[in-house]
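Just so it is clear, A, B, C, D, E and F label the chains in written order, and each chain counts residues from 1 on its own.
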Amino acid sequence: MAGMDMRTRRGLATLRQIHGRAGIEVLDTLARTAPELSRFVIAFAFGDIYARPQLSLRDRQLATVASVATLGHALPQLKSHINGALNLGITKTEIIELLMQMAVYAGFPAAINAIGVAADVFAERHAAKEPKRAARSPQQTTGRRRPRAQKHSALRGRGKSP
Amino acid sequence: MAGMDMRTRRGLATLRQIHGRAGIEVLDTLARTAPELSRFVIAFAFGDIYARPQLSLRDRQLATVASVATLGHALPQLKSHINGALNLGITKTEIIELLMQMAVYAGFPAAINAIGVAADVFAERHAAKEPKRAARSPQQTTGRRRPRAQKHSALRGRGKSP
Amino acid sequence: MAGMDMRTRRGLATLRQIHGRAGIEVLDTLARTAPELSRFVIAFAFGDIYARPQLSLRDRQLATVASVATLGHALPQLKSHINGALNLGITKTEIIELLMQMAVYAGFPAAINAIGVAADVFAERHAAKEPKRAARSPQQTTGRRRPRAQKHSALRGRGKSP
Amino acid sequence: MAGMDMRTRRGLATLRQIHGRAGIEVLDTLARTAPELSRFVIAFAFGDIYARPQLSLRDRQLATVASVATLGHALPQLKSHINGALNLGITKTEIIELLMQMAVYAGFPAAINAIGVAADVFAERHAAKEPKRAARSPQQTTGRRRPRAQKHSALRGRGKSP
Amino acid sequence: MAGMDMRTRRGLATLRQIHGRAGIEVLDTLARTAPELSRFVIAFAFGDIYARPQLSLRDRQLATVASVATLGHALPQLKSHINGALNLGITKTEIIELLMQMAVYAGFPAAINAIGVAADVFAERHAAKEPKRAARSPQQTTGRRRPRAQKHSALRGRGKSP
Amino acid sequence: MAGMDMRTRRGLATLRQIHGRAGIEVLDTLARTAPELSRFVIAFAFGDIYARPQLSLRDRQLATVASVATLGHALPQLKSHINGALNLGITKTEIIELLMQMAVYAGFPAAINAIGVAADVFAERHAAKEPKRAARSPQQTTGRRRPRAQKHSALRGRGKSP
């Protein structure tokens, strides 16, 4: 990283901490068409904003997932940021809970589509983690398969949660 | 439906009346990732709101199609709601007319994309209704095929309306 | 109206039917800065779209109120269109019901702000209709005054509506 | 609260915890025009969603401020939710930091307008807390007054952060 | 400007070129609540983006006016950017023409509200330029006053423009 | 074009000038479901608005690309309009520069997704122009292929611009 300015160095470190190798790949794709914008994402968004210590990375990532889900049209970015949230230790349950709450502010369609993206992210990470079991029994990794017993889950009672 | 609370029961009845089996399937998919949100759609959106007698279901569905088309980013929901509108007896002509009017408020891109969704819904319902004729002559059900004679329809005179 | 083309004549007639004198005034204000846009509203929005017989004016106005409430940022237009809806015989109850439903698609903030606009429209029309009684007893026309007995209405039971 | 159903009771308790008396007042105003919507805010938004223990109230409020700032058109609600965030112990610094980050996702205009709302909230709470000093020296509570020394703050060096 | 980094210096120069003293004042107000965001506007928006020679300032400003008008909720920023466009020599006619075109993409309400903002900007600049005549005859500077002869302009024929 | 009214004739001429044969094809597809809307695009958007001489076609197209990129949800229209911009002689560099600037107003996700659309348009036009070389050496036309040497472009120094 010799020769990089401090903002870029700080930005890259923060980007890696939240998004890992996937974040670098997304920006490399962008850089083929708009190299400057890719640098601005690193130096400005991650180097100037996310790296500031005034708000924890966890809080920042929650706010970002909420904002991007609210936009409604930014599903590729929502996918990245749900992955980033999981990388920072925010749980699947917390992510679903936050996206559900977005129904109140951004409407049910935005919340439902965001939860569809979360389901894809969860399934991909599950598939990536269990390649061996998947090889033996592919159904276990599909994520979207609905076991018979769950069939009428939508119609069931509310359970115990308040 | 024993054991369900009244809101859920009322919501399911309204959901079925507008969306039929397709509505239940959409919510079952949602329920695999976010079961509570699925229940809120039934109990709140359909049980608390749509079931109220102060506005007819037809008027509610027109308003919903207008709102979801205006959002612009909620095409899967628009598809469901155009199907719901047809289920309630709103005609294809009325739906196209309403979506066209959205160009005035939400802009032409939102209106044009909404009409693309309507075209898909109309074609799918046409294909579902005529499986036999489709088997014999598949071109008749494609919906998107443009007969030679219509080729320059966009360039023709305005006709009689209005 | 001699010398006007047919679209403008048809548009003005439809505009008057929905918005009355207030509609002309809004467009005259616009015309001082952008006369062409004012003419396009008349000839295109009202002459080409609203005047088409394929959808009733009532249905068109419901769709417009839904769309403009969903936009969230177009409160002056929402005010005009709520007035237009009342002019066409859509009741206050139906308007409130429709705006309430928008919470499901556009989120609660958009719905709540739209209902604030509706409250203003209802109060203004009430004040305009009862100038004499208002002169004698100004409190009756404020619209926003909360009689003691209603004070805790937000906290009460759900009443009879489903 | 006798006679209220459990959702309403739970919602009111959560509403009071986040928004205090101001939350009840906002809903009472709404209830004069749309009493059912006011009840849905309590029973659904606060009783069904916010009261769920799967996400902390602090995290929920951060997500809500981010979402409402992203909408751009919901400044009255943003004001309520910034107050709610402060009530829950989220600091002014954290709120400004979160709103600044929204520039990345919702654009600079939305972020700048949100920070204008935050400035108003901070000034109002400051004025409310120091009524005596305000009485003696009104300039101290204006919040918008710029001391000479800060005049060129926008043009200064970046300081130490981060 | 000694001690400022190059991005800030370049940003300030570009900001002054487009927005003059008014731009600095807007950022000074922002800086009282969010000094870092104010610096980011200068160093990132104006120093990194606007200062790049790959697109002329005139083209950049047209694009910005179009974008901010499309957002719909950012009227204070629209006002600044219409002023900026005029400062760069873009004419009133071109600005009105561009905003009118936005009706096609962002809908008529966004375009009409944007034109209302343009009318205010034009009137303010007119009043600022002619303080003496204004002192003698205040009606000439109101901008919103409608001379009798223009009264029915909205209803007139289309004139000669295509 | 005999028998067409003047607005339609003027609109078709302007449409062809900006969008060529592709514009007619898009409207023919729309015309199969909503023939009137297709005619309104021609007569109103292109005949009434774009054909007006008060703003150059180049300026209009820059404004349209900015507006449609800001909407975020209108990617098919953005594709058409980027093609239209190239047809009018606006360079790839200028288009990327404009879309990059949209990050400031519409947020980074909208800008990044718009640049993805631009990359697709550039690649398609490159493939269409060089069918022979493509036949011999397919890698040259993929557009998305990243030569090894560019791999870390996102991480490099800022170079000389601006």
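By our rule, a contact is a pair of C-beta atoms (placed from the backbone, for glycine too) under 8 Å apart; a residue touches a chain by one contact, two chains touch by 3 or more.
Computed from a prediction, not measured in an experiment: that's the story for all the values here.
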Number of hops, chain C to chain D, where each hop joins two touching chains: 1
Same vs different contact residues, chain B with chain D, by half of numbers used: same
Whole-Å separation of chain centres (CA-atom averages), chain A against chain D: 26
Whole-Å separation of chain centres (CA-atom averages), chain C against chain F: 37
Mean-CA-position distance for chain C and chain A (Å): 41
Where chain B touches two or more other chains at once, by residue number: 36, 40, 44-45, 49, 52, 68, 71-74, 77, 96, 100, 103-110, 161
Complex contact set, residues of chain F against chain A: 71-73, 96, 99-100, 103, 107-113, 115-116, 118-119, 122, 144, 146, 150-158, 161
Of chain F, residues touching chain D in the complex: 103-110
Partner chain D, residues of chain E touching it in the complex: 1, 3-5, 8, 12, 24, 27-42, 45, 68, 71-74, 76-77
Of chain A, residues touching chain E in the complex: 36, 40, 44, 48-49, 52
Interfacial residue positions of chain B with respect to chain C in the complex: 10, 44-45, 47, 49-55, 59-60, 62-71, 74, 77, 93-94, 96-98, 100-106, 161-162
